[in-house]
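In the two complexes below, subunit A is the common chain; its partner is subunit B in one and subunit C in the other.
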Partner chain A sequence: MKQRAALRTAPSLRDTLSYRGGVGQWAWLLHRLSGLGVLLFLVLHVLDIFLASFGPEVFNKLLFLYHSWIFRPFIVLLVFGVLYHALNGLRLVIVDFWPAANVYQKPMWVGATIVSLVVTLITIAAFFWEG
Partner chain B sequence: MYPTTPRESGTFGARPRPAGGFELWSWYFMRISGAVLLLLAVFHLLWMHLVIGLDNITFETIVRRWTGPLGAFWRVYDLALLVFALTHGMNGARWVINDYVHRRGWNLGLKSALGVLYALLMLMGAYVIFTFQAPPTIVAP
Partner chain C sequence: MEVRVRIQRYNPEVDEKPHWEEYTVEVEPTDRVIDALHQIKWFQDGTLAVRRSCLHGICGSDAMLINGRNRLACKTLVRDLGKVITVAPLRGFRVIKDLVVDMEPFFRKYRSVMPYLVNDERPPARERLQSPEERARFDDTTKCILCAACTTACPSFWADSRYVGPAAIVQAHRFIFDSRDQAWRERLQILNENTGVWRCRNIFNCVEACPRDINVNKAIAEVRQALITGSRGIEEPE
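After this line comes the complex of A and B, so read on.
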């Protein structure tokens, strides 16, 4: 009975860290964390664009969130989160609809992660050339 | 206790396809909206960061985007982004709640709060997309 309950429950943080699921485990964890992080930003983003209804004074005052260097690390995390979630999600869609692609899971994940990192680095560079 | 190999779990990383009903529908929606967002959201992110530049974004950026010559296009684009991203994100959060919160009261309470937040943000976002007007002092170039 206890085992049955455990199977229905997603692993706890301790289980996740001690479980040796290989690459797929970290792909899953990063997908979930990036999804929740991007959702958190989306909530903030809908609210800030909504405030544009109240005119430029209100909206521009709020922009320190996006312009201040203090918040830049979060922007960098957001950029990586969106890219990783998008590209790793593409891997999941490919595997779901084309099971033969299972053989390429690992290289696809490595590719998705490397592309996400490289494009994130380019956007960090853009902070300097466009600022 | 937990599946130790992908084959044992019956899946290869992705959430298994549900048998039917709303959950099957939501499983397909996540994949279709995900593919749509791969184009819409990633283009939006790269456009804002690499073409416009984060530091150049001000109120005028919105005026140009929504009241310029391509205003109608960008409003439709942003509405699609709002609907797909918010629905995809909230459904993902619903899956996370179902994965971790098994007390019936907490599960339903959290999902209700999520539903209220979803409706509220959808209304606020749609409201500003449909009603935004440039103030008389700022004219779109």
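After this line comes the complex of A and C, so read on.
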């Protein structure tokens, strides 16, 4: 009987998402996503600062974008992304430099996420307060 | 109790790609997944290919993906899984048939870290003595049974199969931190390559998957520290 070609061995993104890893797997995924999101904003930010070289009028025209309601959800996401990436990054630094502390990686992740969420909620409240 | 067991089947001689087949078996809640698989193979469908040897969680041959997580089929009780059990082969390896995967790439990486004691000095008349503290330094990593549950649960390994993987690092750790060993620097160099310890992203799937409860992430972090400091924290003889 004919032997078929070897199956693809590399697991797909779907395989990765369907694996029931622990907290660490989701912490890592969110870390990656928040990193990409922050990078995306950074590119936009470089672009808007670059427009300042065309004079204040051009720059001010662009700034309306950041103040529009459509953009606000992205600002909120940005706040969460920066905070989560920074605080979870601290968790990773702790685990890297104090290997024995890794038994606390779950509570550390919970802490990082709660602080990120609380500050994000405060940002949302500030938006509404400002109007 | 009656459970439904869904198994990912693949026979390279007839199948284009893997498919799922379902079996209903009568088991005791305290039976293990391997008992359910035996029932299927022995009394329902003899074509099912499954690998196991000691059946007591020490030979490491029946690691598989059970209900979405890597576990040993001989160490996982049916009552902990519920009425539906899904079983698939380990991810990231070539499937030979059904639940049997080709572990050769895994063992090649294991051999690449020199998993044996290297000491060129003449052995003493009785044995190379070691204090209890020196022995305790690498106790955790002596427990590894090479089942590959950790390596095949690791997204870094899924993304790039050249990564040496947690299991090989655990095995290297066992000798790097052994006070009697003299090849620890060489092992560190092997793990310093771009296929080595720096690929770990602290995802902790290895720690969750290990059936021997080894703190795999700690072992990897300790190897990284030894690389950064250039020392394994053991007084070296001149």
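In this text, the second predicted complex is superposed on the first by the 117 of 131 C-alpha atoms of A that agree within 3 Å, B and C clash if a C-alpha of one lies under 4 Å from a C-alpha of the other, contacts with A are read in each partner's own complex, and residues count from 1 in each chain.
Note that contacts are C-beta pairs under 8 Å (C-beta built on N, C-alpha and C of every residue); 3 or more make two chains touch, one makes a residue touch a chain.
Note that this is a predicted model, so its numbers are computed, not measured.
> First (subunit B), second (subunit C), both or neither: which does A:Pro73 touch?
Neither partner.
> Between subunit B and subunit C, whom does A:Leu36 touch in the aligned arrangement: first, second, both, or neither?
The answer is first: A:Leu36 touches subunit B but not subunit C.
> Could you say whether A:Leu92 touches subunit B, subunit C, both of them, or neither, answering first, second, both or neither?
So A:Leu92 meets both subunit B and subunit C here.
> After superposition on the shared chain, which partner residues are touched by A:Ala100: those of subunit B (first), subunit C (second), both, or neither?
Second partner only, subunit C.
> For A:Trp28, is the partner it touches subunit B (first), subunit C (second), both, or none of the two (neither)?
A:Trp28 contacts both subunit B and subunit C.
> Would you sort A:Tyr19 into first (subunit B), second (subunit C), both or neither based on which partner it touches?
The answer is both, since A:Tyr19 touches subunit B and subunit C.
> Which partner, subunit B or subunit C, is in contact with more residues of subunit A?
B
> Could you say whether A:Leu47 touches subunit B, subunit C, both of them, or neither, answering first, second, both or neither?
Only subunit B; A:Leu47 stays clear of subunit C.
> Could you list which residues of subunit A make contact with subunit B in one structure and with subunit C in the other?
Residues 3, 6-7, 9-11, 15, 19, 21, 24, 27-28, 92, 95-97, 99, 102, 105, which sit in both footprints.
> Within their complex, state which residues of subunit A touch subunit C.
It comes out as residues 1-4, 6-7, 9-11, 15-16, 18-25, 27-28, 92, 95-97, 99-100, 102-103, 105.
> For the complex, give me every residue of subunit A touching subunit B.
Checking each residue of subunit A against subunit B gives 3, 6-11, 15, 19, 21, 24, 27-28, 32, 35-36, 38-39, 42-43, 46-47, 49-50, 52-53, 55-56, 59-60, 63, 66-67, 75, 79, 82-83, 86-87, 89-93, 95-97, 99, 102, 105, 119, 122-123, 126-127, 130-131.
> Flag every residue of subunit C that touches subunit A in the complex, lowest number first.
10, 12-18, 65, 67-69, 91-95, 153, 155, 158-159, 161, 201-205, 207-208, 215, 217-218, 221-222, 224-225
> For subunit B, which residues count as touching subunit A in their complex?
Listed in rising order, the residues of subunit B that touch subunit A are 1-2, 4, 6, 12-14, 17, 31, 34-35, 37-38, 41-42, 45-46, 49-50, 53-60, 62, 82, 85-86, 89-90, 92-93, 96, 99-100, 102, 117, 121, 124-125, 127-128, 131-132, 135, 138.
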